Each structure stands twice: as structure tokens, then as C-alpha cells.
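Two complexes follow with chain A in common, the first pairing it with chain B and the second with chain C.
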Partner chain A sequence: MKTKTAAAKQPSDAGRSVALGSFFDSTPFRALICFVAPVTIFGLLLASEGKSVFETYKTIYFSIFGSVYGIGEVVIRATYLILTSIAAILPARVGLANAGGEGQMAMGAVGTAVVGSTIFSRLVTPVGIPMMLLAGMFFGALWAGIGIYCYMRLGMNETLTTILMNYISTFIIAMLLFGVLRDPKGWNYPQTVQIAKQLRFNMYFGTRMNVGIFIAIAMAFFVWFVINKTKAGFVIRTIGGNQNAARFAGINVKKVQALVFLAAGAVAGLAGAIMIVGVEGRMRTGAGETMGFMGFLAAGMVKNSPVLAILSAFLIGALNVAGNSMEIKTGLPAASIQILIMLVLLTIMTVGGKKKS
Partner chain B sequence: MRDLTTVLACMISAGTPILYALIGDLIGERAGIISLSVEGSMLCGACIGFGTAVATHNMLFAVLSGALAGGLIGFCQAFLTIDRKSNMMASGFVLMFFAMGLTAFYGRSLLNISIGGANSAGLGKIAIPVLSKIPVLGTALFTQDILTYISYLLPLIVYFFIYKTKYGLILCSVGERPEVTLAYGYNPRLIQYGAVIMAGVLAGIGGVQMSVIYTMGWANNMVNGRGFIATALVILCSWKPQRAYLAAYLFGLAQALQIFLQVHSVPVSMYITLMLPYLLTLVALGFISSSKKPTMPEKLKIVI
Partner chain C sequence: MDEVNITKASIKHRIEMGMRMVTEDPLRDNVVPGFSVLQNMALVGIPPERRRGDIDWEAMQKQFESFDSIKTLGVPASNRITRDLSGGNVQRVAFARAVISNPKLLIASYPSRGLDVATVNVVYNTLLRLKAGGTAVLLISEDLNELYAISDRIVVLAANTSFGPFDPKELDMKELGKIMLKGQEMENEDKNSSSEAAV
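Showing the complex of A and B:
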């Protein structure tokens, strides 16, 4: 009986549900949900703690768009995030997961800070700055190299290995900054000696903005170009598509994977180098914290597209900046903004299209 | 001799939260889902459990609330990975940061509160009559809190569940061949949900143990990667619950050593000792991965 009525109802119902379904499935509607749902839920959380929802969102808005300085801060965060997201995207394209952008960036930064105040300190700007960036890439790749060695030779899971290496890098850097690398004239702060003046980027518009962002964006387009338009990219895409097929086609899968992973580490290290050459001028504890992790998530948000990662990096960067001013203005811990960022990601994961496996 | 007792006691206390998360994640991985979100579950459990303990002074409520909080994070992980087919690692990461934000947000008022001297509420250490009189081992192993005693039994219980009961076999079949589970008349999706939520619940309890009993306080991001370590240690155990003791207490020993070296002011950088647990986990992972191929659940081979 039941099935009969259902069958009888079907023609008229089906038409409506298809129309509704296509509306609910449409990209604009999903995008709307990805905005409305997190903002609403975060608003409810704020209200539950007796904070003014409107005031908090106003703070968030004005900290991002309210001043040139705010925009500059967003741009700086986006610079790191674009590069660390590429560090996650590249390995993902050959079937690996690099969750170690955090450590690779930090190692790149500390390495750059050391060479910038020692062996490179006499170099003139046009030679010195490229050398500094290359140094950062070298140290980032070195740290990634340990991870990929563990994966290739010891068969360790690369995600867990790189995650654990993030924590290890934090402690190594803390040890160095509290120990041998501590600036003797730095009032006992855990920071390195300042790098030479001529090795710094200029800052513009009274903000801390520098050319780093152009390097990052150029890198994103370069990676897109390499993956989609070159012979090497074809190899990468083949491995990403089907490793066995790639193997049968005579591609040395492991070698390509290792090289791509090293390149990813180099890109994360570049983020660290830009941080030192640009904003910081020296390495200190906590500099660039969570940027590597967030970059990993920015990559996941856009399904590993290097060009779209620019957008997700700006979004996450902006919210990160908002978190800091939220702490100052409303007394909420800066980490609270992570709730909003993660709600956005969770909503995208929930309403986004199912991933092909 | 006193040193040995102290180190052993520290080893047990530091290893217990890991043991909970490890066993939880092991159950989840047996069903074919890696819960990197146990990190988030532990954080939520630690925060909510501590908050409840402060408010009610009741261990049972603290454990239940911590388990619930951890379970909710586990539910999110289950939903995202099973129904939405998200990347297990990515969703675990997102949930960890989500938990980090939530606990920083709601845990503000819990900072700088200590919960010492609340022995009457079942929070304190209980000496087991005869066993605690054993020299060295007695004080270390059998003068512990109730959650630690439960954790002694946990791997055994899970061992019997997995190897000796029908339901354990069904659980493992989901991780090996879900078609078989389905043919056998059980819903693999439901079982995966159960297993991943269980992972969250146990990790949440581990978090409660950590904040309420081990550190007796709440600090932002106090779990600091222990959930990830637990996930790595599951591989070290080769998915066998009976090996969880070894893996968890190996981590505990690394932590205990850190305190031991500090107390005796051994001239080793504090940061090396802090790094030790992570490094040890990494090295152990290297050994197990490079030796014979472990008995990995079929479904995980795609991920790992």
C-alpha cells in the first residue's frame, strides 16, 4: 500500500524536489551556507559567553578593513599562508600529505636569521636578499628531507612523521634561541641577532607590507604553470592520478615524490625566509606560529589548487589578524577566532561536493 | 630506590592519558578510520572535565562530561570521514584546531585554578591494600587514582573484546572487508560510527585524567600533540591492544625522565628533555615501520 501511494505521488513531487534540489545543490547557495552557518554559530557562542555579537563582528571587520595597517597585516599573513599551502599542495599532487609546513617554515626562518647575521651580513642588497631567500629554501628543504627520508627508506607514515617533526622543530628552535643563538645584546630575550640592514625588505604605506606577497603570488602561479603546462607537471599529474599506471609508464615514482616533497619544504622555508627578511629581521620564539598548520588547511579548503589557495590564504590570514585585535578589544583569547575559521572549514567539508576517491 | 619509584610513578601518570587515547584510536583504526581528532577529543575532555571537577568536585561527573565532550568531537570526525568522505588527516587537523579554539574560549575562567586537596571527591590517590605494600612497584603502580586503575584493565578488556568475542570480529571485519560485514547482516557504517565515537570518548577520558589528576590544572593547548603521539603509537602497537602498555609507558618514561633530569639538575638542555617523547615516538615508529610489515587493517593501507 505504502509503496503504491509513494509511486503515485512521485511524478508531481519529483518535479518540485528536482527544482529545489538543484537550488540547494547550486554553488552560490552552498557558498552562502559556508558564510552564514559559521557566522551564526560563532555568534551564538559569543552570546553564550555574554559578549556582544554585533560589537565583536564590528571589531573583526574593522581590524581587517578598518585601516591600511590592518590590510597590511592581512597581506603579511597571506604571504606565509600562500607559501605554506603550496607546501601542502605539491606533495598532495603526488599522493603524499605534508603536514610539516610548520616546522619547515620555522627551520627556514631560523636558518635565514643565522646566515643573515653571520656569513651573508656583508653582501650587498641585490645579491644578499636572493641569497637569503635561497638559504631559507635550503633549510626548509633540509627539514623536509628528513621527513621524506623517513617515508622512503623506513616506510614511516609521512603525515604522522611530519606532524611529530613540527613539535620537534619547536623544541630545537627554542633550545637554540635560549642557548647558542641568543642575542647577547638582546636583554635576555629569546631571539637571534638582527640580520644586516641591507638584507631587509622595504616596508610600504606605513604598514609592514613588503614585496613578499608578490613572491608568494608569483610562486602560486608558477606552481600552477609547472603542474598544468610542463612535462614535469605531466609526470606529477600522472602519479597523482594513478601511481601504478605511472610506474608502468616507466616513471620513477619514488624519485619524483622525493623531489616534489623537497620542493615543498623549500617553499615552506621560503615563507620563513620572507618572514625574517620582511617583518621580523630576527628569529624569536613564536614567530610565524600556526602559519604552517593553517596553510595545510588553506590547501585543503580549495582542494589543492595552487591559484585558489591565494584566496583561502587571504581569508584565513584576515581572520587570524581579526583574532589578534579581538583579544585586545574584547578580552577573548586570540585562539577563539580559530573557532570561526574551523567552522568555515567544517561547513565546507559538510556541504561541499563529495570528494572522488 | 626512591628515584626509581618516582620515575615509575611519573611514567604511569604521564602514560595513562596516552593509553586511553591510544586504545580509543586503536578501536577506530580497527574499523578503518584514523582519528587524528583524538588530539581534539583530549583537549575538549581535559577542559570540560576540569571545569566540571572544579564546579562539582565529583570525579564521576568530570569523567562523564569529559567523555561526552570527547565523544562529540569523535562524532564530528565520524560524520566527516564516513559520510562526507573527507580526508581523515585533514578533518582531524580541523577538529584539533576547533577544539583548541573552543577550549581557549570557554577555558578562560579555568586558567590558574588548581584543584589540589579535593581528595574527598574521588579525585585523589587510592592505595590498594596489599599490592601497594610491594617495595618500589607498590607505591608507583598501586597508589594511583581510579582512572589509572581502569586504564590498567582497558587494553585487556579491548583485547578480549577484539579477539574473543563475536562483536570484536565484526569490528575488525569492517576495517578489513566491509562487504563481508554487510553480507553478515551488520551495518559497517554504523559500526564505524560507533568505533570512532568510542575513540573520542576514550580520548576524552584520557584528557580528564591529564587535567584533573596529572597536572591538576588547565592550560591552553595543554595536550600539545599527545593525541598525535597516540595515533603514531597505534602503528607502533601494530594494532594489537596488548602492546598498548608498552607503547604508552614508553612515552610516559620519556616524560618521567624529563622530570627526573630536572630534579637532579643534570646539565641537559630542558628543551632536549621536552623533545624526548616526540623524538622517541618518531624513532620507535621508524623501527616498527622498517622492520617486518605490521598487520595493518586492509582499509588503512590506502591511507597509510
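Showing the complex of A and C:
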């Protein structure tokens, strides 16, 4: 009798453990972990600092969803982050790492601000705004071009050059804003002259939201389309898959890599241009800061998929907005929200991806 | 080649002139692991057909099914992902890809590597058929039986020197082996010693 029950029990036990295993592997469970784990760890951290965990999370929630303005701010940051993450994704698809989205975006922004207040200032809206965006792309590509030139001709590591060029761009822009580009009527603020009125985006719902987000989303889908559905994309995927095979197939690997890198710089520059045309209207020190770095993280979070980067950009954008109001409400520094962002990133990278078979 | 010096020609130019190559390690040099067999075939194999800016994969599939050498070599199904294939199957893909375009010059480095006896025979027959069709075949191998089975002329590369060309009908394997070893004695290093044969 005893043996019988044991024998009868065994298969059902085995069945249950299999079902349980597949439950732990299932996507909803993984998604749940990606939410619960960082929130718990960050909560413990808050408690150890003597802050009220509940109050802090309430602040985070309401700063994001509590007002139209909050949502608008999230959308604005997501706009930049989508574009800067694409600037990291494109080179990653041909085996390069562009960590210079920050500098490329800033250079695009300052370039746009300058042409918008000088040579483009008399253009009418339908011509002027596209020209402004193209100008931003040009300056972003130019800055990326220096990095890729160092890689191609001088054999310097492209990740390091682009990271270091972020600092160079920060200081060059500071030099310009405190020097030749400073608005003479700007009460001595380190900022450029405002760009012409007709070159600005309209803002909606009383927030700073503008059409930039649609440009960014369209760009994400466009990049996905080019990579997956075109002949050029096939070349890119070949290089990304095996550079030797690409070379033996007669593909000029370095040339394609250089072009893709320039395109990435252009996309980061576009983020800068949208920032000037949309929200800022002029370049000032610190505008769009950390958006390039965060875009790089947004790309890593989704394993370099341009369409999924839209989601990770919104997530990081939301947490970024929450950080600002957390500083005001709870007295924690805004940077502490970055702990939460990194925790989310790490959990996603640990359990989020497909299990290797 | 065609009386043109190609020492400095780019790989793309060489391919356009009708050169094809099967390297000794296709997984490292020739195929993209994440691609399907068909996608890998599109890299210097099946001539790509375009449709609206993209490669017309349906037309490529039809072409894939139309080639005899793909069938006789037993190339795996076109939708299989190359990463999941065995070494022999990858070799089939790389070799079939090189021969379907009827090249003018085929450089085949260890083309029978990892293949079963039957497929090795198909490979040899394919090489001989190409030769009859006017293709110059440069076979690089260390397998003397293989070289003797299908070569017209054999050149030994050893100790940074080339010996030959020899006619396999006049020189037997032992003699050839001695020449290979002689090179080794001169340099005391056998890594460079490989035999080449022009069919």
C-alpha cells in the first residue's frame, strides 16, 4: 500500500516541479522580479537613511503620474533618451561602442542654438525647423566623426575616445557660453541668444511637451526597419554577426562602421536639436545633462533593440523626473534616484534576458 | 588572374572577378552564426535579388531550391540557424556557397573537413566537375590521399620555400613526404608545411 502511494505520488511531484520551474522561467515572473527586486533593495536603502519608504515611493509615483506636467516632463526626457539610446544601438550593431552620445547631443544642441539665432533666424517655420534639426544632426555627426576618425586612422579605442570627448565637449561648450556665445542681454547668464520665435515647436497641454517625441519614436521604428528590412541592414547585421565573414564577403567593414557611427552621432545631435527647438530655445550650461549617458544605459537594458528602447527610455525618463521631485520632497539628493535606475538595470540584465540554452 | 595582377585588389574586386574561397574554418571566417542558412547563402553565393530596397528572400529561397549542388551536398534546410549546425553542416554550407556561382578560381582550404565519406566524394566530384568546366581550383590540404586522388600538380610549401610542382603520377607519396620533411629539417618547424595542389 505504502509503495503504491509513493509510486503514485512521484509523477505528480515531478509534474509539479516542472510546472514550477517553467513558472520561474516565465516572462511575467521575470518582469515581476525586475520590478520587486530593485524596489525592495532601494526601499531598504531608504530605510537605512531614516527616510520613510512609503512617502518616498508616493512622491516618486505622484511626480510621474500625479500631474499632466509630470507626464509631460517624462515624455520630454524619453524623447532625448530614445535618440541617445539609438546613438548607442547603431554602432553596437556593427561591433563598436559609442559612449559619446552625451557630447554628440550637447554639440548638436549648441550648434543648433547658434545657427537658429544667426544664419537661420529669418527662415520661415516649414523650412526653418527641418533645417534646424538637420543642423543638429550635422554637428552631432561632426563630433562623432572625430571619435571614429581616431579609431579608424589612429587605432584608438572608440569607447574611450568618445567617453573622453564628452568631457571635452562639456568644457568647450562652457568656454563658448561664458565667452563668445554669451547673450549680451542675458543678465550675464552663461547662455546663448534665444533662437528665432518661428523656429520653436509648439508646446501642448500647458506642459513642455512637443512633437519631438513623435520624431524620436518614428526614428526608432525607422532604424528598426533599416536594420531588419533593407539590403543595407543585411550588411550591418552581417558585420555585427561575424566581421570575418563580412570581410570575406567583400564588405568594406571599416567603411560601413564609419558611416554607421556618423549616423549614430547624427541621431544624438538630433536629440540636442529637439531640445533647443522644443524646450530650451537657447543653449545654456547643463542643458540635457546625463541624457547621453542614460541613453547608453537604455540601450543596454534592451540589448540594443531600437523599438524596445522606446520603453526603456520612458522608464529611465520617468525615474529621472522622480529624482528631481524626490530631492524637493524628501531631502534626498536627486542623484540617489540613479541608484534605483542602476538597480533596475542590473536586475533586467540578470534575469530579464533569454536564458542561454 | 586573367593576366591581371591582383596582389593589391580589394576582396570585393576579387569576388567580382570570379574568385571564391572556402577557408579552413568557415565558422570563424565565412558564416554569420546568428543567420539562417539562406541568409548565409546570400553572402557571396546566391546572387541577391532586390525588392523595394530589401533582399527578396522568397526569390532567394526559390533559387536555393534550384541549385543541384545544394541538393547533392546535402546542405541543411534553408531556415536552420547556422549556430545550431554541426561543423560538417557548416562546411557544406560554406562549400556549396562557393561552388554554386561557377567561379573562375576556387581556393578551397581543407574542403572535406568534418564531412562524412559520401559527402567527401561529392566534394571531390564537384571539384573535378568545376575543373572540367574551366575553373582553376587551388586545393590546400595536408591529407595526402586527398591530394593524390584529385590533383594534377602538387606544390609543397615548407620552410618558407615552395617545392615542385610535382606530378602525382610520377612522384609517389613517400617521396613527397620526404620533401615535406626535408623542409622541416631545414627549419625544424612543421607548422608551415602544408601541401598545395593545383587541379
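A few remarks follow.
In the analysis below, the second predicted complex is superposed on the first by the 331 of 357 C-alpha atoms of A that agree within 3 Å, B and C clash if a C-alpha of one lies under 4 Å from a C-alpha of the other, contacts with A are read in each partner's own complex, and residues count from 1 in each chain.
In the analysis below, contacts are C-beta pairs under 8 Å (C-beta built on N, C-alpha and C of every residue); 3 or more make two chains touch, one makes a residue touch a chain.
Nothing here was measured: the structure is a model prediction, and the numbers come from that model.
For chain A, the partner touching the most residues, choosing from chain B and chain C, is B. Within the superposed three-chain model, A:G250 lies in touch with chain C and out of touch with chain B [touch as defined at top].
Of the two partner chains, chain B is the only one touched by A:L345; chain C is not.
In the superposition on chain A, A:F62 contacts neither chain B nor chain C. Looking at the shared chain after the overlay, A:L160 reaches chain B, while chain C stays out of its contact range. Look at A:A335: by the touch rule set out above, it reaches chain B but stays clear of chain C. Comparing the two interfaces of chain A, the one with chain B and the one with chain C have no residue in common. Contacts from chain A toward chain C in the complex involve residues 229-231, 233-234, 237-238, 241-242, 244-252. Across the interface of their complex, chain B is touched by residues 45, 49, 97, 99, 150, 153-157, 159-161, 163-165, 167-168, 171-172, 174-175, 178-179, 293, 296-297, 300, 332-333, 335-343, 345-346, 349-350, 352, 354-355, 357 of chain A.
Contact residues on chain C toward chain A in their complex (touch as defined above): 10-12, 14-16, 21, 23, 28-35, 39-40, 42-44, 48, 50, 53-55. If you check the complex, the residues on chain B that touch chain A are 76, 79-80, 84-87, 89-91, 93-95, 97-98, 100-102, 104-106, 108, 220-221, 224-225, 228-229, 231-232, 235, 269, 271-272, 274-275, 278-279, 281-282, 285-286, 289-290, 304.
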